[in-house]
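The same chain A turns up in both complexes below, where it pairs with chain B and then with chain C.
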Partner chain A sequence: MEIIEKIKTNKLTDKQTEIQKICLHKLQSSPLPNPKSELWRLSNKSKFSNFLNYSVNEKHPKSDIPFPENSQNTIRLIIGETCQIKLIKENYSIQQLSENELNKYIKEQIACFDQNENWSDLLNLSLSSTKNFVGLKINGSKIPPIEIFSHASTNSFNAKTLIIFLEKNCDIELLQVNLGKENSSLSQSTFFLLKENSSVNHGVVSYGENRSNLLNSLNVIQQNNSEYNLGALHFKFNYARFEISIKQSAGNAKTNIKGMQLTKKDEQISTYTKIDFNGPNGFLDQINKSLADDKSHAIFEGSIIVPKIAQKTDASQLSRNLLLSNLAQIDTKPQLEIIADDVKCKHGATISQLNEEELFYMRTRGITLPEASKLQLSSYFKEIISFIPVTKDRWDLLDKLLNAN
Partner chain B sequence: MGVSLVKVYKANCNGLFLENMVNENLVKDVVKEPYKYGFVTDIETEKISKGLNEDIVRLISQKKEEPKYLLDFRLKAFKKWQKMDEPDWAGLGYKQIDYQDIIYYSAPKQKEKISSLDEVDPKLLETFDKLGIPLTEQKKLTNVAVDAVFDSVSIATTFREELAKHGVIFCSISEAVKNHSDLIEKYLGTVVPASDNYFAALNSAVFSDGSFVYIPKGVTCPMDLSSYFRINSGDTGQFERTLIIAEESSSVSYLEGCTAPMFDTNTLHAAVVELIALDDASIKYSTVQNWYAGDEEGVGGIFNFVTKRGKCLGKRSKISWSQVETGSSITWKYPSCLLLGEESVGEFYSVALTNNLQQADTGTKMIHIGPKTKSTIVSKGISAGNSINSYRGLVKMGRKAAGSRNYSQCDSMLIGDQASANTFPYIKSQQPNSEIEHEASTCRISEDQLFYLQSRGIEFEEAVSMMVSGFCRDVFNQLPMEFASEADKLLALKLEGSVG
Partner chain C sequence: MQSQMKESDPILKIENLFASTDNLTILKGVSLTVYPGEIHAIMGRNGCGKSTLSKIIAGHPSYNITNGDIKFSGENINSLEPEERSQSGIFLGFQYPIEIPGVSNLEFLRVSTNARRKYLKKEELDTFDFEELVKEKLELVKMDHAFLSRSVNQGFSGGEKKRNEILQMALLEPKIAILDETDSGLDIDALRIVASGIKKISNAQTGIILITHYQRLLDEIEPDYVHVMADGQIIKTGGSDLALELEKKGYEWTDNFVKET
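After this line comes the complex of A and B, so read on.
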């Protein structure tokens, strides 16, 4: 594990920022997460060491990934390339966060980090250079949709960080695309602050190529009356982890999450979510779908934490899983930790294969078995895809999923 | 106090107070009930010195005149235990147990051999009488055979002759070691191996007594069998071991009850229960656990760290666990089923009630190994006071478990805003041709239902009790008759409190 060795010996980069220094210092005391902890115990060890076995990408070659055509009214940013932005229009503004603002916020976050739970963020912030560090402040209304890309380069480890402040009463649609490259590792950390009355439709689409790895961490803080909608999709990664942490800092907020992961071959993709209600009247509706085929392994662990202060919380979490092969494996653990008594919390989990009766019905109507399976799968996928904003019509995600090998 | 509160409550019945009703002290009062089994029997006992080492293990084995294979089993387990670390993954946060400060063997002094119950120390009989367990002949009216375990030893087993007519062996495990050594050697430790976990290893090294049941081929046990465990000494740990073997096409219903006196120290209870069901056999194992739970400040109480596991070895075999957990300062147990035989069935029905500073971390493991196996989990948790009540369960479908099914339902009810309810279901599947369904919900006592019942003239306390009873109905329905009423009474006692 090349990176860990370098962290231990402090031989990473010469020009370390203050944040990098703090995080590296934290990591040096225990450079790896505890493999026995709930968050890491199912993680495939050889895949995880493979993830850390690349050297940090210092150069930034122009991406050669053919992005779909940009429509005129979307704002596009590519982390590490074109991320200088200053748009001040009549009804909205999008600008870079000042260094002070950035440092202050990140330091506050680091102060509450747990070595295990936030290991991915610590690693990301230790390795993410100024160039790959984007902070945005978004204000106003009628803002055009935003697309933000993070991409890895072959044979290297890439760390990219995104911080977004959504000012009061602001309303945006944002699509984040993480693209893996063959034999590469991408560490993406996103920090979202939703101020009062703001709302976001956030899409996260991550897809890789052969033997690409991803460590994707998403931290969201929701203030009063904010609404956070997340549609997420992860597929085609040799090893990928998606860690979501959402905190409703004072309650009275709405969170909707629809996520999906698709594993084939011997891939391992996992989603970990932690939803923390820190005030009354919180709302959560979450569904996570997995599909595991061939020899792959899909994991979902979701925890909902409702402390005493979070009275009248209404939270539901559903984990639906399709296991399509004898050699594949699915682990799911939706969990509730509740202290407040006046709450409505529920969760559910199912694991099964495609519905045989439905398949039979379609076949009696002259549809072939492969087509019938495809139809069933597309309805399974559509619920999630339709929740991903901005590019759902341009990205032909459904085709990509149905035809992914 | 309860009466006056109810009056105040009634007087306000047309007010807007409904909002705060559940937060009021009323419910807190309702769930308080003193522990009525907390007395100590003053009886001369034979105890060995405190502490645990190889000599103690040898001494226990020697006292029980055990054959060599059993001593070897104990010593092997002890060596393994020494190398193991006490688990902390449940985050129960109890004070470190000093294993050298525990007496591992304590037995009431009595004559060497007892030929009839008349020879049992009357004080002992009186103790069990007080607990409502009929051991004496004249009280053996109910059709339940009882094995009574006092501290480390079994003192009496009733209805033995009657059972023997049917070929059923029901005796203490020490007797079984002497009289049915072949069965013990064949099955002991096959379901829960000595190295299974820290507490199972400890138990395997120092277990003192427990019950042994053997149901021969084709026999339906003519009556329910029951063990009653009583801890009397404050410094003695109880490490009993139960082994139930149901041969082909046999069936048995087994009940287990437990109580302990009130001490301000924590007593360790680390039992191991092993069930084996062969082809077409069925075992129903029911527990009403009412160990002393400690006082309101959480001082004292039993640490109930138990390993219970059943192996459905045969085709179409069935093991059903039902439990009502109301006692113990800390409960840490997961009655499990290993479903090996084709079409075997595992069931788990549980009600766990915690109050004050009690902690219950309980659930089950359903490991589907054979094809077409089925399991059902119904767990109801009720937490009141400052207690923590967690469901932790595992459902696993192995690669060969084609056509298997699981259904789990975990409901929690919270009473008061200081209690906590957690659900941790671990679900793992490696077999596409199987189905797993899990659902869980958490709620509090519905104000609307409470209001409705009260508007029909039902007292507040009775209404709460009715609703809790309704909440637990799915589980109570699974308990044998004798236990169902006891469990209902137990919950009512815990919940009734001082009103009226």
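After this line comes the complex of A and C, so read on.
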């Protein structure tokens, strides 16, 4: 594992930023996550080694963004390429965070990091150079939709970091797209701070090419009366992990999550979510879907933490899974950790196959088996896709999913 | 009566059909011939094999034909897939129509109609042309246009589901329709609407098999032949008066008949 060797010997980059130094120092004593821990025990070891076996690349060729520009007035950023932004309009402003603001916030986050639980962020922050580090402060109203792209170059490892402060009373639609190129590894860490009364419809669409890998981490802090809606989709990665950590810092906030991962061939894609209610009247509605075909492996582990302070929490977490092959594997574990006594929390998991009777019914109406399966899958996908904002070409996304090989 | 000479060839000819599922033999030598324009009723106790027969004709993959043939328009269809049978003109109206969440009824009807039209070498219909066609067919079963925008059968009442089945039959214009307990769960008004829809769709070229327990559907649609099934076989065939006889006598005699034979 080339990257780990370089972390151990501190030979990763010449000009290290203060953040990089802090994170590298944390990693050096124990550079790998504990493979026996709950968060890592199901992770495929050889795929994980492969993920770390590329050289860090800070310069990369221009990306080929397959998403066409929306006809509407969309703001588009590509991390590592077009990150400079300063938009001050009548109703809103989007500006870059100052170095001080960035460092202060990240340092506060790192101070609470657990080496194992936040290993992905520590790795990302150790490797992400200033060029690949984007911090935005968004304020105002009637803000155009924002698209932010992140990609890894072929035969290399790229680390990209995004930090967004959403100021009070502000609401946005943001689509984040992570693209994996052939034989590449992408580490993407996103930090989101939603201040009071702000709201975001956040889409995360990640898909790769042949033998591409992804470590995608999302950290959200929600202040009072904020609303965070996430629609996420991960597919076509040899190995991918999506780690979501959401903290309702003082309760009284709303979180809605609809996520899906699709695995084929021998791919492994996993989603880990941790939702932390740190005050009363919190709300969560979460659905995670996995669909595993061929010899692939999909994993979902979700945890909801409701301490004593989080009275009147209303949380629901559902994991719905489809196994399309006898050799595919799905592991799912939604779990609740409740200390408060006046709460409404539920969780559940189902694993099933395509419904045979539905298929027969469609076939008796002249619809062929592959078409009937596609119709069934489309309906399975639509619930998630319709929750992903900004994508004008939602149906194209559906085609991508149905035709993903 | 079944052996009398007919002018045309049969649409459906089932000969000595044996079929099983999970190593359990359900059909034990069924023979049935349906000519164009004929209406056949199959009656019998629960579990006698009526629904299984309908599913096997439609090609349900869970059943194996262990002996005998199903010939449709003179061709053996034993090995055809369900979609091939449907495209060629076999329609099965389900006793319990399946709900398909997330699949729009309109799109489902359009895809199935086009599959049949493609087989018939007719031009496939785009959304606008299909809307016109479906509007006309909705009238036959007195269905509201709003049903088209919902998911297939989801949230439909029992009667609405059955009307949706007849709507599909009207759109697919099959050569033979097997209607499995289409009358179950219908109130008198709904039964009349469904029966009237079936009568309007059927013509001198269509064969119909009505599977039912009760006389009330046959009061609305008079069959040419009534068959009584018991223990996976057709044990008696007669005219429409046989159904009236069954209404009076019940099915107990069929048990004795099976025991004796």
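General observations
Following the convention adopted for this analysis, the second predicted complex is superposed on the first by the 395 of 405 C-alpha atoms of A that agree within 3 Å, B and C clash if a C-alpha of one lies under 4 Å from a C-alpha of the other, contacts with A are read in each partner's own complex, and residues count from 1 in each chain.
Basically, a contact is a pair of C-beta atoms (placed from the backbone, for glycine too) under 8 Å apart; a residue touches a chain by one contact, two chains touch by 3 or more.
Please read all numbers here as calculations on a predicted model, not as lab measurements.
When chain A is checked against chain B and against chain C, the one touching more of its residues turns out to be B. When the shared chain is aligned, no partner comes close enough to touch A:Asp294: not chain B, not chain C. In the superposition on chain A, A:Glu357 makes contact with chain C only, not with chain B.
Once chain A of one complex is fitted onto chain A of the other, the partner contacts of A:His347 are limited to chain B, with no touch recorded for chain C.
In the superposition on chain A, A:Arg365 contacts chain C only, with no contact to chain B. Of the two partner chains, chain C is the only one that A:Lys382 touches; chain B does not reach it. Legend: residue contacts after superposition of the two complexes on their common chain; A:Leu336 is shown touching chain B, with no touch to chain C.
In the superposition on chain A, contact is made by A:Ser325 with chain B only, not with chain C.
Shared-chain residue A:Asp171: touches no atom of chain B or chain C. Those residues of chain B lying in contact with chain A across their complex are 22-23, 397, 399, 412, 414-444.
For chain C in complex with chain A, the touching residues are 58-62, 81-83, 85-87, 91-92, 94, 97-98, 100-103, 108, 111-112, 115-116, 119, 151, 168, 172.
Across the complex, chain A meets chain B through its residues 308, 311, 319, 321, 323-353. Partner chain C is touched in their complex by these residues of chain A: 356-358, 360-369, 371-372, 375-376, 378-380, 382-383.
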